[in-house]
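Each chain gets a letter, A, B, C and D, in the order it is written, and its residues are counted from 1.
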Amino acid sequence: MDASGELRVGMVGYAFMGAAHSQAWRTVNRVFDLPLRARLTAVCGRDESNVRAAASRLGWERAVTDWRELVASDDIDVIDICTPGDSHCEIAIAALAAGKHVICEKPLANTVEEARSMVAAAEAARAGGVRSMCGYNYRRVPAVSYLRQLVAGGRLGTIRHVRAVYLQDWIVDPEFPLVWRLQKDKAGSGALGDIGAHIVDLTQYVTGQAVTGVSALTETFIKERPLPSASSGLSASGGAETGTVTVDDAALFIARLSGGAVATYEASRFATGRKNGLRVELNGSKGSAVFDLERLNELEFYDGTGPGAEQGFTRILVTEPDHPYVAAWWPPGHGLGYEHSFTHQMRDFVEAVATGKDPEPSFADAFQVQRVLDAVERSSASGSGWTDV
Amino acid sequence: MDASGELRVGMVGYAFMGAAHSQAWRTVNRVFDLPLRARLTAVCGRDESNVRAAASRLGWERAVTDWRELVASDDIDVIDICTPGDSHCEIAIAALAAGKHVICEKPLANTVEEARSMVAAAEAARAGGVRSMCGYNYRRVPAVSYLRQLVAGGRLGTIRHVRAVYLQDWIVDPEFPLVWRLQKDKAGSGALGDIGAHIVDLTQYVTGQAVTGVSALTETFIKERPLPSASSGLSASGGAETGTVTVDDAALFIARLSGGAVATYEASRFATGRKNGLRVELNGSKGSAVFDLERLNELEFYDGTGPGAEQGFTRILVTEPDHPYVAAWWPPGHGLGYEHSFTHQMRDFVEAVATGKDPEPSFADAFQVQRVLDAVERSSASGSGWTDV
Amino acid sequence: MDASGELRVGMVGYAFMGAAHSQAWRTVNRVFDLPLRARLTAVCGRDESNVRAAASRLGWERAVTDWRELVASDDIDVIDICTPGDSHCEIAIAALAAGKHVICEKPLANTVEEARSMVAAAEAARAGGVRSMCGYNYRRVPAVSYLRQLVAGGRLGTIRHVRAVYLQDWIVDPEFPLVWRLQKDKAGSGALGDIGAHIVDLTQYVTGQAVTGVSALTETFIKERPLPSASSGLSASGGAETGTVTVDDAALFIARLSGGAVATYEASRFATGRKNGLRVELNGSKGSAVFDLERLNELEFYDGTGPGAEQGFTRILVTEPDHPYVAAWWPPGHGLGYEHSFTHQMRDFVEAVATGKDPEPSFADAFQVQRVLDAVERSSASGSGWTDV
Amino acid sequence: MDASGELRVGMVGYAFMGAAHSQAWRTVNRVFDLPLRARLTAVCGRDESNVRAAASRLGWERAVTDWRELVASDDIDVIDICTPGDSHCEIAIAALAAGKHVICEKPLANTVEEARSMVAAAEAARAGGVRSMCGYNYRRVPAVSYLRQLVAGGRLGTIRHVRAVYLQDWIVDPEFPLVWRLQKDKAGSGALGDIGAHIVDLTQYVTGQAVTGVSALTETFIKERPLPSASSGLSASGGAETGTVTVDDAALFIARLSGGAVATYEASRFATGRKNGLRVELNGSKGSAVFDLERLNELEFYDGTGPGAEQGFTRILVTEPDHPYVAAWWPPGHGLGYEHSFTHQMRDFVEAVATGKDPEPSFADAFQVQRVLDAVERSSASGSGWTDV
C-alpha cells in the first residue's frame, strides 16, 4: 500500500474470474468500511486489443500484456492471479519475490510440486510482511461462513458424515468443443480440480477437519471432442477436427477425515440439469446442516437438541444483520448473489493486508487441497485402492 | 447526455434506495454494453456532513444539500429520486421542467393528485425528448421479466387467477419505533404503498391486465409505538415517548383484472418469519407460474399442454444466457441477487435515453398503480365495499 | 353398540367418500386399540347391482337400496352419510330420531336452514346419548392436529394473519362435463362448499377463532358445459348437449376472525397444476406455521422466539411417535397418506361413542362453517360488501 | 390357491414388517380387481400369547407358534416371511419344497451362501408352478415405478450417474440399546443390509443396470451399547450392562454399473435429522430424475431435450390415474403413504400367482443385491480396494 491509503491492484487474466474479481474490487470499498481503498490500477492479458477493451469495460486504469511488467511496477501492491492453473506458480513466485501481496485463484496450481514451491515462496515472503491467499471464494458465501460458525460453536456436535457434490452439466453435449478446461496441460485436471477442489476446501473449512485418505474413481465419458474454433471461458463453438479429452469428466471418492468423519465426494460436468450444483451436508452427533449453492442465501440447520416433536431442518435465510458480511448490504430477505462471495473475499484480504495478518485460505491450506486431489488421482490410477493424503 | 457519451446522474437521497441505485449506476456499464456511460456526478442530501460521507462511500463525485441545485446544474442529465414519497412530486416536476430525465422511486407519489400532476409533467416533457421512469425494480428480476415473456407468448393461456402477497415482519415487535415509514405524512401509506405497490405493479406487468376494482380491508395491529431516537431506513432504536401509527400494518384485497382474472392481494409487515416474501402465482387456462422473491433466481412454471403424467411445476433456474439480462453476467447457476434488479433497471433506462425511447414503467403506469392503492384505501374506509379503480 | 363390543356401521353412499370411509372402518381397529370394534354391517345405494358390487369390493356384509331400511335396522348402531349434500339433512335427522349415531360428510348441508335443523336434531338426540359428527377429515391429518396443539400452546402467540387456499384444476378443460358437483341443486355450491368449506373449518379449528365477517367474490369462468353421459365422482365423459353451470368455479374472500386476525381465503377448481392444493399459513406475534396438503406429512413452523440468526421455517416431519395419531403407525419418516385422516376420524368417533363424549366437529361446528359460506354467497351477490356471519 | 378363488396366506413374524404386510393383505382386494382374493389364514410367532394378540389385532384367522406347521398346512397357499434375516433361508426353502408360494422380506438372506441356496430352491420349485418373490417394496412406490418407465422409455438417455443415499438417525444416541438389528448373527449386517440393500435394489431396478464393482468403507461409530431389557422392532429401552455392536453403523461406496454409469452409495443410521431419507438421483445424457422417500408422492424429472430457457426439474405429483397403481386409489393430489408400496407388492404378487407368471424381484434378483452387499463388505475389509461383484 502507498501512503495515500490505497491498495493498488494488478490483475492477471480478465475472463470469467477476472470479471468476477473486477466487480469485487470495484465494490468492496463502496460497501465495507476498510482501512485501505482498493484501486484498479492495471490489468494484464496477452492480446493487446483484447486486454485494452477489458480494461475499459471492467474499469482498470491501464492494460499491459506481460505479467512481468506488473510484477515489476512500483505502483502495484497486489498481484491478483486469474489465469488458468498452468501459470499460477510462475506468476505467484515472481510476485512474492518482488514483495507484492498475492491473491491467486484456485486451484493453487496444477501439480503438487508447483503448489509446494508456492507454499515455500509464500512462507519466505511472509517474513517480510507480504501476504498471500488462495481464492476459494465459496468460504465467503455468508451461509458457508455461518455454517463454519455453527460447527465451531459445537452446534452440530461431533461430525460423523460429510456428503459433498459439485455438479454441472455444461459438457454433456458430445459436440461441445475441447476448450482449455478439457486439456490437462492447461487445466491440470477436469471436474476434479475445477469444482472438486471447491468441495474439498469447503468441507475441510467448515468441519475444521482434513481429508486423510481416499478411495476414488474418475471417468471420462466423452473421449474425443471437436477442436474449438475460438475459446472463451466456459463456452465455445466447435469445429470439424477433433482432439482427445485429457481430463476427467467426473471424479467420485469416499474419504476419511481427521476428526473421525467419513465422507462421499463427487464432482461432475455430466450431471444433466445441475448448473452449479454444489451441495454439502454435514451430520453430527447433535445436529446437521445442508448448504446448496443454487440457493446460496439459505442454510438448512437441524438442531437435534430441542424438543423432539419440533425438530426438523430449519431453512435459515442467511440475510440477517448478525450473519457474516450481511450487515453491510441490504435489509433481511434481500438476497445476495454469486459475485458477492468475491467481494467478501477482497474485504477480508484488504483487511488482512492493512492489519498485518495472514488471510485465509493460505497457500498452505490450498496445498492441502491439492494433496487431496493428488491422492484422488493416484487412487483412481491404481484401481481405487485406499490412498493416504 | 453531453457530447462525451456520458449520462451524468444527480441522485437525491442516499439511504437504502440511494445505496442500491449507486451500486447499479457504478456497475451498469461494467457489465452491459451501452451507448452511454453513466457518471455518478452528484448526490444530494439535507445534512452536509452525512451527504459528504455518503458521496465518498458510494462513489459520487460531489455532494450537495439542495436538490434544486442539482436540477439547475448544467452537468446533470438525469435526476434520480430516492427520497421518501412526500417529496417525489415537487422534485420530479421541477426536474422535468428543467429538461432533466427523471427516474423516480416507487411509489410514484403519496397521493393520486400528486401522481396525476407528475404524469402531466412527464407527458409535457416527453415532447421535448425528456424521459421519465418509475422505479418498480422487481420487473427487472430476470425471472419476472421471463415470466412476462411466457405470459405474452401465450404459454399460460387466459389468466384466471392472480395470487400475490408481499410479506415482511420487521415491525412485529411492538417496541419497534415510529420511523418515517410508519407516518402517513411522510410515507403516504404503510405496507400498502411500500410493498403492496410492488405486487400491484408486478402483477399488472406480467399479466398485461389492469386491476379494475377491489374490495379491501386494512389493519393497524399496533397503534402506538415509541418515538424513534434516530431513524435510518428500515431500522431504528426507540425512545420512551410514544406516538400514533398513522399507516396500515397490513392491507388485504380481492380484485378483478381487465382481462377477466380474479385476484387476491396481501401486503403485511406482520407476517412473522417472512423477511421479503413477495410471492406471485398466476393460473391460466394453459399453464401456471410462481415467483418467490426469496428465491429470485428461480421461476416455477407449469405447462398444462404436455403429456399428463409428466406435468408438474418446473423449477426453472433463470440463469441461462437466453433468459433476460443474464448473458451479461455469470455462467448458468451462478445466481444474481436483489441489487441486480436495479442494475437492469438502469441498463434499460440508459438505453431508452440513448435511443430516444420511453422507458417503462412510465409515470402513467405508476399512476395506474397509485389509483389501485387509492381504491384499496377507499374500499377499506367504506366497509370493504366494491370500489372501481 | 351391542353387547358384543361391536359398533355396527351402515354407510349411505359408496363413491369416492364411501370408498375412503370403508378403508377407514376396515383399518381403524387394526391399528388403534379401541373399546369398540367397528363392523361393516351394511352399505346403501340406489342401484341394486352397483351397491352389491360395492359391498363386495369394499367389504360390507350386506347391501341395501333404501337408506330408510338402514335407519330402521336393529343391527345398525351408526349411520355414516357419504352422499351428496342434498340428502344429508333428511337422512341425518331420521337417523338421529331413530337413535343412531351419525357421522355426516361435509359440508353439513346445502343450505343454512337445513344445517340449522340438523343441529337441532343433534342437540335433541344428544340428550339420549346419541352422538353426531361432521366429517371434516383434514382436522385429523397429524400435521394439522399438531398445528392445533402448537397454537393452543401459545407457540405462535396472537394470530395476526390467516392465509388459506384450496386449489384444484379438474374442470379447467371447458369440455369437462356438467357432473353433479357443478349443479347447485345437488351440490349446493361449487368450489366454495366443496373445498372452501374445508379451509374455513380447518382455519377456525387450528386458530380457535371464528370467522365473523367477509367480503367476497365468486366467479364461474365456464358457464356452459356438455351434459355428462355418465357421472362417477370427480370424473366423467361429456356428451353433445350442454347445460348451464349453476355453481361457482372459484370463490375468494377476505375476512376477520373473532380473535383479531385478518384473513384471505380462496377456493378454486381453475388453478391449473394444483391438484389438491390446500395450503394454510398462520402468522402470529411469536411464530408462524404453514401446512400444505400436497405434502401432508410435513409442517413448517417458524419460532420467532429463539436466537435471531438461527430462525427460519423448520420443516417438521410429522411422523414421530409424539405427534398426534402417529405412534400407532410406522417408524419415523414412513409417511402416511390422504386416507389416514379418515382412519383417525373414525378412531376418534369410535372412542367418543364408547366413552360417551361428543366428538368434534359437532353439527354445531359444521353449522358455523355453513354460515360463513352463506355470508360469502351473500357478500358476493351484493357486490362484495362486508357481510357479517 | 384353492377352488374358491382364494389365496390363503400364512405369515411368519408380526412385528414392523408383519404389520405392514397385514395391512397390505387386508387392503389389496378392496382396492384392486384381482383374480384371486387374499385370505389372512394364519400368522406365526414363537410366543403364543403374543402371536394370538397379534392375530386378533391384525386380522389373522388363527395363530401358530411353529412355522413348520404353516408350511405343512393344507389350507395355506402362500408363506409370507417377515422374520429377521437369519431365518429366511430355512423357512423359504422348506416352504418352496412344500409347494407353497413364497414372498420373503429383504434382504433375501444374511449371507451370499444362504441366498444362493434359496435361489436354487426357487428355481427348482418354479418348475412346479411355485412362485417366489423378495420384498423390495420400494419398487412399488408409484414414483419409483414411474421412474423405471421413464428410464426404460429412454427419457433420460444413457445413464451416467447414480447417486443414492439411505439415511436414518435412530441410533445416534449412544444409549440406544443393542437391539437385534445391531447384532451380526441376527441381522447379517447393519445399515448396509437393512437400508443399503434397498438403494442397491432400487437403483439396479430403475436403471436396468447391475452394480459390477465397488470400493467401499464401513464404520461403526459407537462400538459398545447397553443391552436391551426388552426389544421391539426399531425401539427399545436400554439396561445397565453393555455389549459389542457387531454390525456397521454406516456404509459408503463408489461403484460402476453394467451400462457404464458410475455411482455413489451411502447408507447410515447416524445421519441426524434424516428419518427415512432414501434419496436417489440419476443423471443421463438426455435427462435426470430425483426421488426422495420422505416425499414419496413426488418425482423430480429434468427433461434436457426441450427449449433451454424452460428446462428445469419438474416436480411431478405422481398421483394421476396414468401413473402406476394410482388409478385404483384416490383423485389426483390425494397422496399415498409408506404402506401402499406393500399393497402394490401384494397386488403384483397375487396377479403373478393367478396368471402363472414369475413376480419380480425374483430370488435371483435379490441374490444379485446380496452379492453387491458382499462385495461392499469384502472391499471394506480389504482397505477399500476395488472389488468385483
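By definition in this document, a residue touches a chain if its C-beta (ideal position, glycine included) is under 8 Å from a C-beta of that chain, and two chains touch if they have at least 3 such contacts.
The chain list, named the UniProt way, goes like this: A, B, C, D = Oxidoreductase.
This one's a predicted model, so the numbers in the text were calculated from it and none came from an experiment.
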Distance in touch steps, counted as few as possible, from subunit A (Oxidoreductase) out to subunit D (Oxidoreductase): 1
Express in whole angstrom the distance between the two chain centres, defined as the mean CA positions of subunit B (Oxidoreductase) and subunit C (Oxidoreductase). 42
In angstrom, rounded to a whole number, how far apart do the mean CA points of subunit A (Oxidoreductase) and subunit C (Oxidoreductase) lie? 54
Taking each chain's centre as the mean of its CA atoms, subunit A (Oxidoreductase) sits from subunit B (Oxidoreductase) at a distance in Å of 35
Multi-chain touching residues of subunit A (Oxidoreductase), meaning two or more other chains, are 274, 311-313, 317
Select the category (line, ring, star, complete, other) that matches the graph of chains linked by touching. complete
Within their complex, subunit C (Oxidoreductase) touches subunit A (Oxidoreductase) through residues 146, 301, 303, 308-317, 320, 322-323
Counting only contacts in the complex, subunit B (Oxidoreductase) reaches subunit C (Oxidoreductase) at residues 156, 160-161, 163, 165, 167, 169, 172, 215-217, 219, 221, 250, 252-254, 256, 260, 262-264, 266, 268, 270-274, 283-288, 302, 304, 311-313, 383-386
Which residues of subunit B (Oxidoreductase) touch subunit A (Oxidoreductase) in the complex? 16, 20, 22-23, 26-27, 29-31, 33, 57-59, 168, 170, 233-235, 274-277, 293-297, 317, 319, 330-340
